[in-house]
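Note that the chains take the letters A, B, C, D, E and F in the order they are written out, and that residue 1 is the start of every chain.
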């Protein structure tokens, strides 16, 4: 399937919306309604309805829940780990969401290029240190990493959240790179207007 | 929660079975019935019911479906990528499943230490090459990688399966290392009796 | 020295403009005139006038000259290598220049996250392959790398240009990270208006 | 030379036992007597008698001597470093010896996949940290590494033992991978019966 | 252009001395006068006069200035980082200069192979630790790295010097590898006579 | 034990010569006779007589034998792999031997810094490519690597020699770094006189 400019949005076929199972179509209609466009992750993953349902169930369980992390902080984790994994779709799409949630037009580019230099708190840097450890050398995680988080006021449940978001996007980044998922043009400009 | 020897099966609390939601309890009862014990992945992930449901839905969508890969081949992908990620739970548990599915007492140890030297076909080595590429440098995947698979008779749907299993265990390996998931003692010996 | 929001633009002191040598002050006045603001690279490097002069002389020799590469292509090299080196200043500032020179509001984010997936030509991907080789494993460069460029119509003088821009920003990225150079707020939004 | 199933045990020719020098033949006869089979390392290295003699002299000097490390601990070093080097022969063969020496059917699989999660003492983890440092970044070893060992009660002679075993298997792992040394089928099952 | 033995000194053409701009020719005449030969870096870079001028201006600004580092210490930084980047020209040429400046026939080989084992002071090792951090992971530099230098009596201006020399040779090493710059035969033997 | 300048030649005690076993003392006397000094590897390893004997037996089996590689080529393998492992003793000591065996005062510094740029034949570069593969990623060695050697006229016995020398110095480099083995001052200047 191609986008409006005729460019493929992924390496795999995308079924016509009318052929999709009703629940998937309903989710796509809802996001279209809310956002004004359908992010390509919904269309490209619809090629595999069961995996679509599992992925978004996982996503919602981690990104929409209550908890010790703000929604902006969760998006920071997505952007920082996805940038390290060179996932174009995830950095561009979640960069837009991060800008909106943080109400900050510059935060996403900062976190994507080098979170150590971003305008975030020391607590948030510790959160991203942990997320990157899960992303790149989870085999070495131990008590000291949990202690470092506790030193910034994070609970062990927060640690699970941070690690699980990092782990989910370890999956998501790989799938997006595998299927050549193209970010929608709309994402690039979203949330860039300065705070007023 | 501790195992029968009093060792913790993970870093996080595990709810008593009676307190679990009915669907999760049913799944755990079913696996207990079938296997004779409850693999610790079910108990440790039950700490987060929504994530539990999403994870096993994803797992079943990839590991239980029909398709161009045999069930043994899917387990090879799990074992090879989990070994590269140093995930003790996944290598030990899925190593057992691989031995059983392949009816081969030695295959799991071979694939875990160096799949290039394992007693598998050239087609299976190409499958694992692709799986490891997705696992470790998905950002570089391109047409040449798909071509290499096609040269061994894999379809592009097979490529999605291989890559998606690798990506799911990129998630799973990180979660198991994060929560210090302990393999059940039972797994080590399963499937080791020689073919007769 | 701090920016208008009171945030330091770098780790080192910045001399008052009136105390700068005349040639450096003239250059800063000129860029202020042309851009409407003074990019922080000029202010932070002014701490060392001789190094300032040498850096911009090198920069101009490579980025302002005639030759086989378009100005947009030179900025692609800067953005791709600086992203790999996690240089926030260079990615943000040269990302803006790339958007303007390429008249494309999306190109910089694409090249920064994963140039292999960017909307650029195969020739430009070969150019960035060479640039990244110089950036990350120059010790392995050999005839085959030059041949690959020639296969896309690049001359050996173009190869020098590509490699030298990559090498100059190997220096620049390290200096910016060393001195904690902060990108000006203005850069983030520049060149993001869609082509009309 | 092939094994009983007709599979080659290595990439190089193996001389008939009767053609081997008497001392090498005596060593092979002795191990056959003791173990009930001839491990393939003896047969494949017999292709080069002088190197065979030197290798086993080195091996015996480190693995059979008295000292501060138990024999099981020495095998842990072999298994952990050989797994990191993806040496199938060494992990499978010495994994069996480790299970037998430690009287533990699970220890080898734990140490091979991620020794940080194995059922071993903190002292043994410090021993394996040092062994892996020698294996992978010996150029950085310094006083702090020796201090860390001393903090767990190891002497500097123990440090030499740990490092030398790691270094010997740096050699051994490379030779086994070079000559495609196949583990004997017998090793996989040895020592797996539960302690009774 | 070839050297006296007929071997090319680089991959690119070198203009005849008489065709060079007067200032470049003057610089080359001066170094010939002083050293008795013309180091190939002057000849190979003369292919691009503007880059030649910028490079040597940068070089002189860092290597010839007054400051907290001795000239021998600056050469140590060049040798250590150039060895890590496998730059033959820079290691051989600056190794000679280091021997001369340090009046020590062995220092260059020590610093090039493993500076941690060289006969240099702890302060100089801290200096090289910082230089290598800038060379290989400048994106991680932070306050702790500056603190470590201060603990050895270095000022923040010294830190800039150390980092900037490392950064300049990040450029220089890449250019030398790109253009296949050949060290002059003379360098190998310079400064090797024992002190006495 | 210290050298003539009072610097320790290693981290471990060295026994007085008169206390050494007769065979080790004889070997040390012989090398003293031949070279005019005792290389520190003999003294530092004498701390462990059995390991001393095994090491030199291995060394002689590979470095003193007849075969398809010249003695200079064997030393090239030692120097190239030891430089990659940052082993000061091995690079300095075997660099001297390489200069003498190749009758070339510059070859060792070239091979140590970047063998791809050294004045050696394409056949010798292929030899060093194979040696470095064994040194750094032996787990990936396969038929293609052997084919590449055959294309340059190497037999499979030569391949064993190349790989085994690389493997022996994988051991030796780690031991020298572990015990802080100091190169004798004499080595630095040996073989540096130009060919006449």
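The rule is short, and it goes like this: a contact is a pair of C-beta atoms (placed from the backbone, for glycine too) under 8 Å apart; a residue touches a chain by one contact, two chains touch by 3 or more.
All figures in this text were calculated on a predicted structure; none of them were measured in a lab.
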{"item": "Intersection of the contact lists for chain D and chain F", "value": "B, E"}
{"item": "Which of B-D and B-F has more C-beta contact pairs", "value": "B-D"}
{"item": "Remotest chain, chain C as reference, centres from CA atoms", "value": "D"}
{"item": "Listed chain pair B-D, D-F or B-C that repeats interface E-F [over half of contact pairs the same by residue number]", "value": "B-D"}
{"item": "Centre-of-Cα separation between chain F and chain A, whole angstrom", "value": "51"}
{"item": "Inter-chain centre distance, chain A versus chain D - centres from mean C-alpha coordinates, in Å", "value": "44"}
{"item": "Cα-centroid distance, chain A relative to chain B, in whole angstrom", "value": "24"}
{"item": "Two or more partner chains touched - positions in chain E", "value": "86-87, 114, 139, 177"}
{"item": "Touching pairs among all chains present in the structure", "value": "A-B, A-C, A-D, A-E, B-C, B-D, B-F, C-E, C-F, D-E, D-F, E-F"}
{"item": "Interface residues, chain D side, partner chain E - complex", "value": "139-140, 142"}
{"item": "Residues of chain C that touch chain B when the two form their complex", "value": "114, 116"}
{"item": "Residue numbers on chain D that touch chain F, as the complex places them", "value": "11-12, 47-48, 50-51, 53-55, 57-58, 60-62, 65, 85-87, 134-135, 138-139, 141, 146, 156, 159-160, 163-164, 166-168, 170-175, 177-179"}
{"item": "Contact footprint of chain F on chain E as seen in their complex", "value": "7, 83, 86-88, 91-92, 95, 105-106, 109-110, 112-114, 117-119, 177, 180, 182, 185, 188-189, 192, 194"}
